[in-house]
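Dropping the structure in here first, questions after.
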Amino acid sequence: MEDTAMDTTAVVEEVVEVAQLSLATDFTAFTFWVASAVMFMGAAFFFMERFTVKKEWQTSLSVACLVCLVAFWHYLYMRAGYMGELSYQEAGSSPTELRYVDWLITVPLQIVEFYLIVAAVTAVSLGLFWKLLAGSLVMLVGGYMGEAEHVSHMTGFIIGMVGWVYVIWLIWAGDAAKAAAGAKNENVAFAFNGIKWIVTVGWIIYPIGYYMGYIAGDGTEVAGLNSLYNLADVVNKFLFGLVIWHAAMRDSGVSKA
Amino acid sequence: MEDTAMDTTAVVEEVVEVAQLSLATDFTAFTFWVASAVMFMGAAFFFMERFTVKKEWQTSLSVACLVCLVAFWHYLYMRAGYMGELSYQEAGSSPTELRYVDWLITVPLQIVEFYLIVAAVTAVSLGLFWKLLAGSLVMLVGGYMGEAEHVSHMTGFIIGMVGWVYVIWLIWAGDAAKAAAGAKNENVAFAFNGIKWIVTVGWIIYPIGYYMGYIAGDGTEVAGLNSLYNLADVVNKFLFGLVIWHAAMRDSGVSKA
Amino acid sequence: MEDTAMDTTAVVEEVVEVAQLSLATDFTAFTFWVASAVMFMGAAFFFMERFTVKKEWQTSLSVACLVCLVAFWHYLYMRAGYMGELSYQEAGSSPTELRYVDWLITVPLQIVEFYLIVAAVTAVSLGLFWKLLAGSLVMLVGGYMGEAEHVSHMTGFIIGMVGWVYVIWLIWAGDAAKAAAGAKNENVAFAFNGIKWIVTVGWIIYPIGYYMGYIAGDGTEVAGLNSLYNLADVVNKFLFGLVIWHAAMRDSGVSKA
Amino acid sequence: MEDTAMDTTAVVEEVVEVAQLSLATDFTAFTFWVASAVMFMGAAFFFMERFTVKKEWQTSLSVACLVCLVAFWHYLYMRAGYMGELSYQEAGSSPTELRYVDWLITVPLQIVEFYLIVAAVTAVSLGLFWKLLAGSLVMLVGGYMGEAEHVSHMTGFIIGMVGWVYVIWLIWAGDAAKAAAGAKNENVAFAFNGIKWIVTVGWIIYPIGYYMGYIAGDGTEVAGLNSLYNLADVVNKFLFGLVIWHAAMRDSGVSKA
Amino acid sequence: MEDTAMDTTAVVEEVVEVAQLSLATDFTAFTFWVASAVMFMGAAFFFMERFTVKKEWQTSLSVACLVCLVAFWHYLYMRAGYMGELSYQEAGSSPTELRYVDWLITVPLQIVEFYLIVAAVTAVSLGLFWKLLAGSLVMLVGGYMGEAEHVSHMTGFIIGMVGWVYVIWLIWAGDAAKAAAGAKNENVAFAFNGIKWIVTVGWIIYPIGYYMGYIAGDGTEVAGLNSLYNLADVVNKFLFGLVIWHAAMRDSGVSKA
């Protein structure tokens, strides 16, 4: 009889151990909560504010909303999984795969924002749209294939970097940069520069994380990067949208600052 | 006593095995997550953007929203079922029946879009609406009856194909094609052609899946087609709506591209 | 020890048996899913479209939305109960009581639509509103009292039929019919006739179900009527609203067909 | 071994007993479902319709929405608790405390409606707002303190009655009545009179329930009052808002009746 | 065999003990419910009303909505955790960490309201925005670091107080006060003064709670402060937004009082 009783006790202790995953002492858990709430807030904010700006800017804010909304959707599961609330994920383990699903959708959405904000004030060739989309998809598919080991970690890294460098070139010197300059609109310039810097500097965290996790490291350090990813998302997703929102409000004549 | 203990252990191991259904290595699971998030995003996007286009196009975007919304609703259960989160479905099994419920509703919605986008700019006979609806329903009821074995697999396939061919004829040469041409509106022409190609090429995946699963195969290969169905839905439901949205934005004078 | 093991096995088998309630072979389960999704879709559609029609018609579409929304709310529980997901309902059993809650709310909502669509284009006495409401409430309270055995099945049936016949009279020859004719508006006439036929022909299913279940039968056949109820709801709730929506779009000058 | 088996059986029987809490035979359960659905419907209705009336009336309808929304929120838990779905509440037991939370929020919201509907058409002193709010809070805090035994049942009752009588005086003869008369607007008069009668007659159920439960009775009869409370809420919350909505639609020139 | 039976009994008794956490006798539980419902109501109210005020004020109300929405999100978990509904939190324990996540987001949102309401009527330097944001973040990060023991409790307290004093100075005498005075708008003055007093007086509860819990006390008294925090949130979050809403309605010409 004692075997059964002990067996039961073991299960109970495991549950208690999960309960030890404290928000006060586990900084990563803390950042999962923060990022979840900021994504929720961002989705609600851009949804409401899109109705305030003029029609030409509404799609840009709709997309800013979608970025936070899709991220919130995945954070619901990522946070719950990390906290040990999901039956099929161990508490404290890294939800890297869900991040890839999120990135696969939100990153192209953000990259096409470069097109959308310029298109809000002037006519831009749809070709630019497709170039930006293609660059961002190469970046992500490379990363996913390396991570899932369909190709070697290094091959996936190189493919992904090619896509990223192409996007960087487009927005600093290529067609996107030229289109933005051609718009001759100070609000577009403000937003374009703002998100250009976020994509260039803020997104470095993602290839660094990949490199440290899969090439320099052995795939286990990725878990340690979760806090960094969570805080980076607050900047790279919410602040990203906020920059566009500010330009939209000024260009619509609502905000004077 | 050991019998009980072993019994418990077996259950635990089964749970662990479910946990093995990893997003990183199970590509099908990955596509279930992607399709769910894209459907969610699409529903939110078309909902917001409908308020930006002019009134004549708003119903078209409402319907584009409904297609993604209804699909999202079913993907909530399809993804959860595949992941093993639902008590009455085995992890990794195929939720084909839920797909049929989804198709039964979303496919007619999409087919009547051919009518709605033309009706946005010119008067069109309601007769065309009913023809498109009838064709799509024949297509689906045939498929369902064959799949549920109310008729033989081949009979269901033939009935379904008759409906599909009729719809294809309507949009390439019949009343729908004529109405679109008669509208003499470049934006309607753009959207009509876009969704015509999606229905013609993109939807081939559905009869192929049926044929391979039930006629060439024995009903078990259907599971292997899930990734294909999931990715096809991203194109056939979200991109489908995006084409209509683009035409609506241009025809409303909001987008210049 | 084996007793315990067997006991556990019995529970597992029961769960598996629930899992047998397959969407592919259980047509009733299939219709529960279809009706749920259609109600969800209808609620979302009429919610969005109400902002497109002119103010006089917006309340009519709000009410069309409410009918589907309240039905969706109850279908959430009816579908889950039938599928065996709720702890207090056996899989495959009939959720007749929840249908009564739904009918008690949605049927009066629909009956007052006769008043609302006429009031959208002309001044109508509030007296008509109260007559329609009273008729529909008599119809439902009779049915509920008979079903819950507060009165005999036959007495409840007769009370309910009196209410129904009164409503039928109002909309075919009485005050409602006169008010509709007096509006001299082809769109109101279209919608009024459409929902008049739905109430007259489509709703016959409900007294038939009651009669067969409680008077000709013994209260157990009701379960077999669930598919019929589910499909009838698609027509009687969603199509009902669609007829009103079509008239509203034409009368608002948005739709030309 | 049999002990364990019997133990398991006992649990199963308890679950089955919960299942006996049938909607068909338990009228109180039936009213919990009805009230929940009506509150949901009311929240959705007033939310939609607020966008149809003119700006001056929109806040009145927002508040009508909030009353139903907050009530719906609490009914989610009250219904579930009564049905035995919540782990910490016994099936069939009375959720009186949750009602107090609901009343503490919704009752002041309703009382300030007297101020809001007059303020929609004329300038009214904010002092009236504070008097109405104060009266309603005295009414509720008295009731809560008596119910939670911070003061004696009778003391709590007397404090609560003082607040209620003060509100009644305000709306029949005091500042609120004078402000309404001064507005010289037939729609305001209609709404003011309608909700005045609801507050005067319809709300009597609450002090009666308290008196019977805690002063004449011993605190256990309260459970029997749940059906009455549920049906009273349908009138006192939904019909209350409907009266205001009707006046708002007429005063905005949308409704002609 | 009896050991197993007893084990089961122990579990059942624990569940029953949780059930003892009664809303009627546990005032803290009562305030968790009240605060949750008020936050829900506030989010819905400011969301609806933002569409009523003029564009310049809409962002202020969007932010008022976000404050309540983010708080509601966290209260969902804080209330559930306190009630013992979450597997990883003991019933009756204090959810202090979740409060910090909430404050980290909602406090800066509120502080930037000082900027937003002035910016609604006149051009204000973005520098003020950054000063207010910086002050509020210093206040919160200091508190969090002390609470999580990254620095000593006293050091964290001092850092936090520096941020708070800086914000107080900004709104009473510094740039914010000057900008508000410069706007020469009585509605802005009303709102600015209202929220200035709330931040100065109402927020004192937070440093007092920290001081009593971690410096004067030993970290366990914090639990006793939960009722106070919950009721303070009703004032500091909902009333805070209401003051801004009132000014916005008057400045938009909708409200006359």
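To keep things simple, chains are lettered A, B, C, D and E as they appear, and every chain counts its residues starting from 1.
Quick note on the criterion: a contact is a pair of C-beta atoms (placed from the backbone, for glycine too) under 8 Å apart; a residue touches a chain by one contact, two chains touch by 3 or more.
Computed from a prediction, not measured in an experiment: that's the story for all the values here.
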Roughly how many whole angstrom separate the Cα centroids of chain C and chain D? 27
From the C-alpha centre of chain A to that of chain D, how far is it in Å? 44
Residues of chain A touching at least two other chains: 1, 4, 51
Connecting every touching chain pair, does the picture come out as line, ring, star, complete or other? ring
Please report the chains around the ring in sequence, anchored at chain C, with chain D in second place. C, D, E, A, B
Could you please specify the touching residues of chain C with respect to chain B in the complex? 1-2, 4-5, 8, 15, 18-19, 21-25, 27, 30, 33-34, 37-38, 40-41, 44-45, 48-49, 51-52, 83-85, 249, 254-257
Listed in rising order, chain A residues that touch chain B in their complex are 1, 3-4, 7, 47, 50-51, 55-56, 58-59, 62-63, 65-66, 69-70, 73-74, 87-90, 96-98, 100-102, 104-105, 119, 122-126, 129, 147-148
